[in-house]
Amino acid sequence: MPSEIILKMEGICKSFPGVRALHNVDFVLRKGEIHALMGENGAGKSTLTKILNGVYEKDAGLIILEGKPVHFKSPQEAQNMGVGTVFQEIALCPNLTVAENMFIGRSRNAFVNWRQMNEKAAEMLGSLGIPASPTQELASCSIAVQQMIAIARAIDMDCKILILDEPTSSLDEDEVQKLFALMRELKARGVGIIFITHFIDQVYEISDRITVLRNGELIGEYETPELPQIELVSKMMGKALSDVSAMKKHEPPKSDDRVPVFEAKGLSSAVGVRPFDFSIHKGEVNGFAGLLGSGRSESVRAIFAADKVTGGEVKINGKRVKIKAPLNAMKLGIGYLPEDRKSEGVIDELSVRDNIILALQVMKGFFKPLSRKQAEEFANQYIKLLEIKTPSLDTPVKSLSGGNQQKVILARWLLTNPMYLILDEPTRGIDVGTKVEIQKLVLKLAQDGMSLTFISSEIDEMLRVCSRMIVMKDREIVGELSGADLTEQNVMQMIAQGGK
Amino acid sequence: MGALNPNKTKTRMSNSTLLFIIAGIIFLVMYGIALLTFPLSFKQFQTFFDFFNLNAALFIVTLGMCIVMIGGGIDISVGAVCGLVTMACAVLLESGAGDIWDALFLSLGIGLAFGLMHGYLIAYLEIQPFIITLAGMFLAQGLLTTLHREPLNVTKPAFVALRSVRIEIPWLGTVNRLGVFIPCEIRPGVLVVVALVIIYAIMMKWSRFGRNLYSVGGNRQSARMLGINVKKTMFFSYVLCGLTAGISGFVFLITTGAGNIGNGSLFEMKAIAANVMGGILLNGGVGNLLGAPIGTLTLLTINELIRAAGVQSNLQAIVSGLLLYIFIMLQSIIMSLRDRKNFRLVLPSWLKLHRPVEGK
Amino acid sequence: MKRLSLLLVVMLVLSTVCGLAIAAPKTIKVGIVNLPPEESGYRQANVEDMNQVFSKANGYDAKQTNTADNSEQMAAAMGYIRDGVDYLLISAANASGWDDVLLAAKRAGVTVILFDRLIDTDPSNYQAALVSDMYYEGQLATDWVLANVQAPRNVILIRGQLGSAAEVGRSAPLLKAEAEGKLNIVWDGTGGDTWSLEEARRVVEAAIAAGKDFNVIYAQNDGMAQGACQALEAAGIRFGKNGKVKIIGFDFNRFALRNVQAGYWDADVQCNPRMATQIDQWIKSGNIPKGIVYQKEIILDTKTITDDHIAKYGINPDPGRGVITR
Amino acid sequence: MPRLKARFDRLSHLFLPLSVLVILLLINLIKGADYFKITMVNRVLYGNIPNILFGASELVILSIGMTLVTAAARGQDISIGESGAISSAIFVQYVLNAGEVTIWTILVGLLISCVAGIVIGAFNGTLVSFFNVQPMVATLILFLGGRSIAFIIDGKVSPILANPISNQIGTVIKGVPIQTPIILTAVFIVIVSVVLKVTNLRLYVEAVGINPNTARLNGINPKRVIFLTFLLMGICSAVAGFIAVNKVGRHDSVNLLKFIMMDAILAVALGGNSLSGGKFSITGSIIGAYTIEVLNRTLLRLEVNPEAIKAFKAVFIIILMVLASPVVRVYAKKVMDKAKAFVAGKAARQTGRLKKAVVSITDSSVKKEE
């Protein structure tokens, strides 16, 4: 189906201080196609789309939109020319209403017609099945709903080109299907869609064409059906991927008779998770499975006292302890890598070094700072170990790519040498290569005797690393699976049926 | 458990609305207490009208400040600009070089000039607003003393006539100590206040600029991504604030009829305090424009309370600080209770219609 | 609800604590609009004096509002007029813009007496004014300079807050004398809005750095004179009775008078803050003069000063005989 | 070489305050070449430089505290002058009631006034950290009422602090050629740098200022850190009040450190710090504070009419801030790059680019344009 070309980007170059983000990249988008933009973290996907929608200015190159060269200086200009975007990090205003968020910045009218706007928004929300009211303040919606609203906004914009940068990372399967239905409809209307995701299955489900970037350079453009998955992955990573499939599942030592490393009874927290019991043994990797909002994150947060703990009893190695604040948990040897990297993980303006040593430093105490030399040694050690790509130790962590930021946080916790490490979505928004690295690391740590909790939205990933899975639904633990029972089928069933 | 599902939770009140309601209730309660405690003063309607009559300029300054605060900025030059305008207009009128219209244009011009300068430097050169408007404050004060440093009464007949305009409300009023009935009166400045409140409230609620400003104040980065011209929006908010300060200067002049170096001094602090009491946060993006006049009224009621109570001289400043403290604490406590999601627990149990269902 | 009742209680407590005085019969109701005591030592003496004289014991029901803000002052004045006071005493923050308030008072039959600071308005708008004549004070100081310093008289002028009544009044005679060629003002600076000692010190330091030759420092209050002396001392310039540079201050702070007595400074000009007794006499006798009455004020220098003067006219604490406040 | 570059990197944030200071000093030099001349007067160093150091001592100390508060609480404390007035009032009362004044009286008095400063800081800090009130609003309360409190402590007069030891603290100690406030300021700066060295204050404050959520999840209690910065601010204002009151020799609760918060905030901004929190540079703020002192004196040296002095100050501040603004700096860098590329010529285009990259790495303080 060779149709007309709607967008052509030629020889795009862009550098940031110390980092070359894009070098001579070409990109072509046709009318009515869904074009997946693939690559590892830091490959330049986000940069490319941000140049297209006017957030960044390109250093060199040419953008031709419908045959005419264009140069966008702001997202507004790009919007006016028909380039709509849904950003990876939700870019909406939490203090405005849902309806306003859908329509602000679009109208040229001097005044706002609230009634009309609310009606249109209600209609839109209804047709997309988004559970929000137009007059609600956005801050009171869940993250997933906010994401859906961002998509609704972009869809409604009557755009010629729609950029979806990781729209599915916080959606559950149902919502993803809704989104896909929408995308197909838009495609039929002739919209060119640029789709960025790390879910390879989704790429094959929906996209027509794939462009692969690596290290800011163009690798190639392919028809989706003609590119086998394994080849795609190796193109993205730049190496053959034999070891992905070769990974062995880790079996924990039989440990029923020993005292668990961590044990909680009737634990509950202020954000509304039902009191639950939980325990983990030395060298074990367990998982919390469940849909988004099932309470899996809230549960592990309660263990770490990331939210205010309202009740329950906690034992470490059989000894009763009190965990009131994250610092207590840290001192007892618990580490926690939070779900939301941007707002809870990194301290973006601080250097890579400071980010890595942060937790260790805090544990050592206010009056015992590490010497600069020590800090640099530690940081360098983990930069090497986890292969973190950074220009220098003093680089602010915000100028690293998402995956490298995640590794920095991982390094931070490994440095504290915890006996129990909680990883909440450590692989979200991370490319396949790094994902595998992290999974392998988890298994290796477990072998060395660390206990880990591993949470992911991708069940197969969890199945690969976890030896025991706790299933949650509606903020409650509904069951536990391990050994031979631990299959995708069973987990799904348990989530669906809620127990038994 | 199934019975709970159909109950769609009621839309949560937005922060702006909640803060505005708190501000309104605080004001009403305080005024009520004032009425009970000091009926001599507060029972007279004129007391209420005089808040507006004598402080029209402060109301107007507060409105301008409210707009930049919603946009996430701050403008501490407003008081000084207001003072500069009164003096400049007084000099103009007294020198005979211009009439009232010229003075009005001059005041708008000065306000606009400051607004443009602040707006450009803050929005387009990305300099910190506090520093730039601090410089603006120094500039206005310096220009004022350079222009004329002695107090200057405007004696131009046309101006005195304008200044003496009163709108009398014959059915409201009091008998004074001589036994003469004095009707309530409203001054022209009050009309300006009312007009500006209406215009600005409409602007903040219904105009594109107003909504964009909320968005910019809430999250500048997101606003940019949503296709809002952040710089332009910020620029206009400062221009508007400057212009408003200019208007307030003119209103100040027709209230007192004189240029003084002390005119409008510390208005910026009062305006910030008034806005905070009116539920407009310094962080930006939160607040209802109508909170600005409410906050100003609260502030003025505090002053009047202190006067009517005859607070000892040395304690007056402390008491007004203390009252400000109480209001801020109240606001903060209510907001934090709400954030902890047990805001409803504040209601006594007998007020609850039904007990929450435990478990499933 | 709990918070509201709390607020209520706080309000009530405050109002009672702060002395809610329901008008008792036969007392004279007085409303005083004044500047805040924190403005200066001079003002504190003035405020305390007012509070002491217009007390319950003395047969008054008086309230005093202290604020430096003209509009707040006017609002307070209007409040007192509404309250129906018998006498309204005003010391205005700014000298102009009071016409409406004064007219309202007239209409309500309230007798207005201005004190300390004059208001720029038609004298028929108020009954009487008991004020310090700032121009007269300036004249005293200028005359002293002309009489006690040999020509060439090179003066450093350190002004207070520009445009304030004191600054305008105290500057004028000196500027006039300069215009007449009787002296030179070699350096003209200001202590800024706060009549700041530090700022005065900077002014003199700048004059020294610029190599100016001067023999008089005319500082418009005692604090700024003190700052000037600190600058001179650090620069090793001799001043005072036996020095090259003559120091003149204003306000009659006791420490300043002691400095004059010790010959550390040369002269100080009075600015009498105690007006309440005079006004009290007027009111009690029912014989209030019409128009402006200036307070008698004096200048003291190293030759004329005595302990009696210091005890009687000075304000603020007395550091003791012979103690120099640097 | 890389080590050198790294050091340069670390110092690059001082480029702005230093360049501003240098510009002002140049103006002064043009006005008169004897600007830096230092002479001995009564065996004490005298000249413009000692005068500047002397005059700015309180401001320097306050701007240190202000930097910390700004960085952690993302807002400013506008009650520092009032807080200094209150704590020094307590100091003066202690000294006056202590009978014979010895060095120990003074030291104990200083200690007591520091405690008072801490209490005031705790009041502000509680509001800001535990009640989530914006700093400027929280400190507005003391800004309004603080001077009255100091005044009441003073017994409603301005007490005189005429004793030889206070005198020496305010001027010079016999035999020492430098004025005591300068020495005290230097000592204070040394103490602060030692504190920064032996504690994690910087890391904690910066982490909290940039991202309180993350800080909390890494075991830092953001509320406590913000509270702590207010306590430190309290100590700073107590020390500043101590120096100020000894300089003056009288406790004038009205004018002591009045409106100094504006200058302190300005110093923080001139030091290249963001007023919305995050990374901070105390060195920058200190240079900023001295810059303000130089600016004030420059206006006097230029013999600006006293009526216009504020307007000139405003113009100076605006020009300095424009020169320092991110947009102008980015633009200037572009122009520089172009000029460099032009010089390098078309033939050496590749090397030119390389240089560009080096420059961009070096100037890490130029934030990524977003």
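Here the chain labels run A, B, C and D in written order, and each chain numbers its own residues starting at 1.
The rule we apply is simple: a residue touches a chain if its C-beta (ideal position, glycine included) is under 8 Å from a C-beta of that chain, and two chains touch if they have at least 3 such contacts.
Note that the coordinates shown come from a computational prediction; the quantities given were computed from them, not determined experimentally.
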Result of counting contacting C-beta pairs for B-C and A-B, higher pair: B-C
Separation of mean Cα positions, subunit C and subunit A [Å, integer]: 69
Cα-centroid distance, subunit A relative to subunit B, in whole angstrom: 44
Length of the line joining the C-alpha centres of subunit B and subunit C, rounded to whole Å: 33
Distance from the mean Cα position of subunit D to that of subunit A, given in whole angstrom: 42
Touching two or more other chains - residues of subunit C: 36-38, 162
Multi-partner residues of subunit D (each touching 2 or more other chains): 147-148, 151, 156, 305-307, 309, 370
Subunit B, residues touching no fewer than two other chains: 145, 149, 221, 314-317, 319, 322, 333
Touching pairs - complete list by chain label: A-B, A-D, B-C, B-D, C-D
Residues of subunit A defined as touching subunit B within the complex: 55, 74-76, 78-80, 85, 87, 90-97, 100-101, 104-107, 109-112, 114, 133, 135-137, 139-140, 270
Touching residues (chain side subunit A, partner subunit D) in the complex: 15-18, 55-56, 304, 306, 325-327, 330-331, 336, 338, 343-350, 354, 358-359, 361-363, 365-369, 391-392, 394-396, 398-399, 412
In the complex with subunit B, residue positions of subunit C that touch it: 1-4, 7-8, 10-12, 14-15, 18-21, 34, 36-38, 47, 51, 62-72, 74-76, 78-84, 93-100, 107-110, 120-121, 161-164, 167-168
Residues of subunit C touching subunit D in the complex: 36-41, 44, 48, 159, 162, 188-190, 193-198, 201-203, 205-206, 209-210, 223, 226, 230, 233-236, 253, 255, 316-317, 319, 323-326
Subunit B partner contacts - residues on subunit D that touch it in the complex: 75-76, 127, 131-134, 136-138, 140-149, 151-152, 156, 262, 265-266, 269, 274-276, 305-315, 317-318, 321-322, 324-328, 370
